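So that you can tell them apart, the chains are marked A, B, C and D in the order they are listed, and the count of residues begins at 1 in each.
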Amino acid sequence: MADVVETAQFSAWMRRYADVIHENAGLLTELDSAIGDADHGSNMDRGMTAVVAALDGAEFASAAELFKKVGMTLVSSVGGASGPLYGTFFLRFGGKLGDGPVDAATLGDALHAGVDGIVQRGKAAVGDKTMIDAWVPALEAYDAAQADGLDVALRAAAEAGARGRDAATPLVAHKGRASYLGERSAGHQDPGATSTVLLLETAAATLG
Amino acid sequence: MKKLINDPADVVSQALLGMEVAHGDRLRVDHEHKVIFRKDAPRSGKVGVISGGGSGHEPMHGGYVGMGMLDAACCGEVFTSPVPDQMLAATTGVDGGAGVLHIVKNYTGDVMNFEMAAELAADGDVQVRSVVVDDDVAVQDSLYTAGRRGVGTTVLLEKLVGAAAESGRSLDEVADLATRVNSVGRSMGLALTSCTVPSAGKPTFELADNEMELGIGIHGEPGRKRVPMASAAEAAQQLVDPILTDLPYSTGDSVIAMVNGMGGTPLIELYLMYGEVHALLEKAGITVARCLVGNYITSLEMAGCSVTLVKADDELVGLWDAPVNTPGLRWGA
Amino acid sequence: MKKLINDPADVVSQALLGMEVAHGDRLRVDHEHKVIFRKDAPRSGKVGVISGGGSGHEPMHGGYVGMGMLDAACCGEVFTSPVPDQMLAATTGVDGGAGVLHIVKNYTGDVMNFEMAAELAADGDVQVRSVVVDDDVAVQDSLYTAGRRGVGTTVLLEKLVGAAAESGRSLDEVADLATRVNSVGRSMGLALTSCTVPSAGKPTFELADNEMELGIGIHGEPGRKRVPMASAAEAAQQLVDPILTDLPYSTGDSVIAMVNGMGGTPLIELYLMYGEVHALLEKAGITVARCLVGNYITSLEMAGCSVTLVKADDELVGLWDAPVNTPGLRWGA
Amino acid sequence: MADVVETAQFSAWMRRYADVIHENAGLLTELDSAIGDADHGSNMDRGMTAVVAALDGAEFASAAELFKKVGMTLVSSVGGASGPLYGTFFLRFGGKLGDGPVDAATLGDALHAGVDGIVQRGKAAVGDKTMIDAWVPALEAYDAAQADGLDVALRAAAEAGARGRDAATPLVAHKGRASYLGERSAGHQDPGATSTVLLLETAAATLG
């Protein structure tokens, strides 16, 4: 268990996330078919494929630079709601990482900044049945466990994110396309919350 | 999935190749950014009018690029908003010094991506104004939701606003007109079948033979509710009533009306539906000043239709009648 | 069967009600005879041009009535040739003293019914000439068969011949032109799905997910053969090759090309197909002088498309570019 | 068993045929779906419904007049291939019936005239897989049995017509829409031959 995260680990996180998204693209699109427009899987897959292509062969002086590239790449390749939201997340996240190795507190600050960016762009709150329903409890769990170290905090965040995702399933959506369905959105798992939990899980596996 | 395509990942870029060779006399395609330009853009001194959105709604938006309508259209992946780079390329590419209007349909993704592009364009000293179309009466508008979707009114608005820009009006005039058109435009749609997003490979939803989806948008999504399959007369009522109760109408009001096919419904049914819609409007004392019947804003091969009414005064009818020369809408030229 | 109709028996007459209110400014409908007239017919001294056939092919033929194209169209039941009374009413209704051309698609029923009408019209002192369109390369022509079907070339021929009549040419000139256009027009089509005739209530045929029908006509019928589902590139080849081998082409030849949707295929796929067709023609040294991409001659909601090529010289291109103002085809007016 | 047919019987024949067509409309359209355009049932049903409407309340001075009305009504209401063909049949058929009661020989002449009309209009021969494949053997059988009286002759005609219809089933069509299918038309029963046999069967039942 490391106390700090190196830039190479962040890069590994992104590559791992790209793989996991590719494997789960069908699932994400399936979830988006029920309450959206059947593209979340292909959107994320296209974006993370572009991210890997952008990372390949490139050298980054810092994690901040790496995530600037990730964020810009997602903004420029995904489109839809998830492009600006994940793009903004990584831009803001990277902006908080500084130049050196990243400790648990810095990582926590960065996660908060990223999620603040999502909220600013998307104006969703917990209970609106969006990725925010996974992010907010994940941040709370991370904060509570931060003192126990990066690894523990990230695992706690992933688990809390999953619980948040599931807690949103019975809800009626108030934001995003799912909101157009009104009552019919209840009982369906949110695709964006699902891809968020995958991001947290891969973070725990690669950064911890 | 049965489609006349080569690879689900390349549908949009390959369709753009076809657009380019089919309409090379009037249009120019930026393949890197997937933007369709009017061939003579930018026109100096003219307000640029751009729109864009996910693909799969053809002829919207690319088919509405040309004299008297759009100067450029950004083509996203199927049902996925384009990215800011695309809107930026379109904006700078059509700016003739008089500023650029962004016509945005109200979807979270479209709004956010256009917003980011507008911020970037403002950095680059292009004056940008945006109008967000939100005309779908199937969805309740509220501060606590994503608001109403932008659907059929978009087509009529692009025509009206395009005519205003062509006639030399200023950016503020054009943008204010757009806001006004949106405020008097309402739509409602229904689906008889789902459609298949190429990258998804199978229909977005399944519908029994005796059911239809009422209150759909334009992304192949299920509607507000599943209702029993209805006759054309009943279906027309289910589409027209919510529009007429949403925006108060009085006897003698005049509209531009559109009966729009979702892509898989044949024209013979759309004309039959138009007859029903026209009769309902007549009964309500509403005059149809102008109308469109056909596939104008679609959801791939979905069967179904939507009704759009834009309350029209003499100014709007005049703008409607102004010449337009695009692949999807053409008259007077 | 899921259709936006009220009663399978009334589809055609009710769709005509919609046509009438949608296009009352330009068209007039004789509901008794189910004939759509150009509003200003008959035009004195102008050769009248009429066509007609079964319904279900919209916009053909009713959508092609108007200045520069047809003077009247007779609407039969879905996929059923109209009856002689209809053609007679159309013929006498458009005759301005210069005679009337009948544009007939080569189907046993259409030919016989038009023949009977022409006999009756001749009794009534209207000079009639007929052209029978038979452009479908999927079918072998022979003295011992019903010959080739009339398909896509009909649309292009109606435009070209309509322009000639509008310009004041005589009946013989117009009819000879029609014969010439037919002789240089060829088409080939394919289907990805069947369609449902309203009175039949279920799809005419069933097709597996990995199959398509090659060599179809426009009546929802199965084609010449069932083949494996192909990519757009392969499909384009399967449509273009038989056309190019049927009518010898040389490098430098010029065509008016149409990629036509059968009704249920979205425009994004038709543009993609057009890109493929255009590339094949380019490879064969053939220039596309003008083109159409869209739903112009359909089989209800059938998915699929057809390719039509009419070899074009300057005269034909000039007639093509002449103004036309119909619901289905409009430019220069 | 009558030796002559009265006008009222001819009228009954047409009404009976209208009923039988209505009952078999689904079958005829089904057959036309396989090798045509799925409308033969509704075409014939629309036509015979119009015929019954035209007969209702009308008085006809002779069978010739009655069939003139039948033929004109079919021509004006059916369309397609079957409209002119059946219409011409009845116009020519009626033209041979003369003013008085109709005996077996006159009926035979009339049937021949009707079928000649079909051939003139449609230019089909036996083996082309059309209604002609039912008509021609029916006429031959009628001629052969005519001396045994109307009833026997009509029954023989109906049976021979049915055999002719069935003999055409394995054939490849050379006329009508089915010909567009080429080899694929083989193995399917011809819809027009089927409606012809129904006409002959109802004739045997009502005129004999």
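Everything below uses one rule, namely that a residue touches a chain if its C-beta (ideal position, glycine included) is under 8 Å from a C-beta of that chain, and two chains touch if they have at least 3 such contacts.
Protein names from UniProt, one per chain: A, D = Dihydroxyacetone kinase subunit DhaL; B, C = Dihydroxyacetone kinase subunit DhaK.
The structure presented is a predicted model; accordingly, all values stated were derived computationally and were not measured.
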| item | value |
| --- | --- |
| Subunit B-subunit C separation of Cα centroids, rounded to whole Å | 29 |
| Computed distance of Cα centres, subunit B from subunit A, in Å | 32 |
| Cα-centroid distance, subunit B relative to subunit D, in whole angstrom | 54 |
| Junction residues of subunit D - those touching two or more other chains | none |
| Where subunit B touches two or more other chains, by residue | 78 |
| Arrangement of touching chains [line / ring / star / complete / other] | line |
| Chains that touch, pairwise | A-B, B-C, C-D |
| Complex contacts: residues of subunit D adjacent to subunit C | 29, 33-39, 41-43, 46, 75-85, 121-122, 174-177, 179-182, 184 |
| Residue numbers on subunit B that touch subunit A, as the complex places them | 54, 76-85, 107-109, 112-113, 116, 138-140, 144-146, 149, 197, 199-200, 204-205, 217, 219-222, 224-225 |
| Of subunit C, residues touching subunit B in the complex | 1-6, 11-12, 14-22, 55-56, 58-59, 63, 78, 192-193, 209, 212, 229, 231-233, 235, 263-276, 278, 288, 291, 293, 295, 298, 300-301, 303-305, 325, 327, 330-333 |
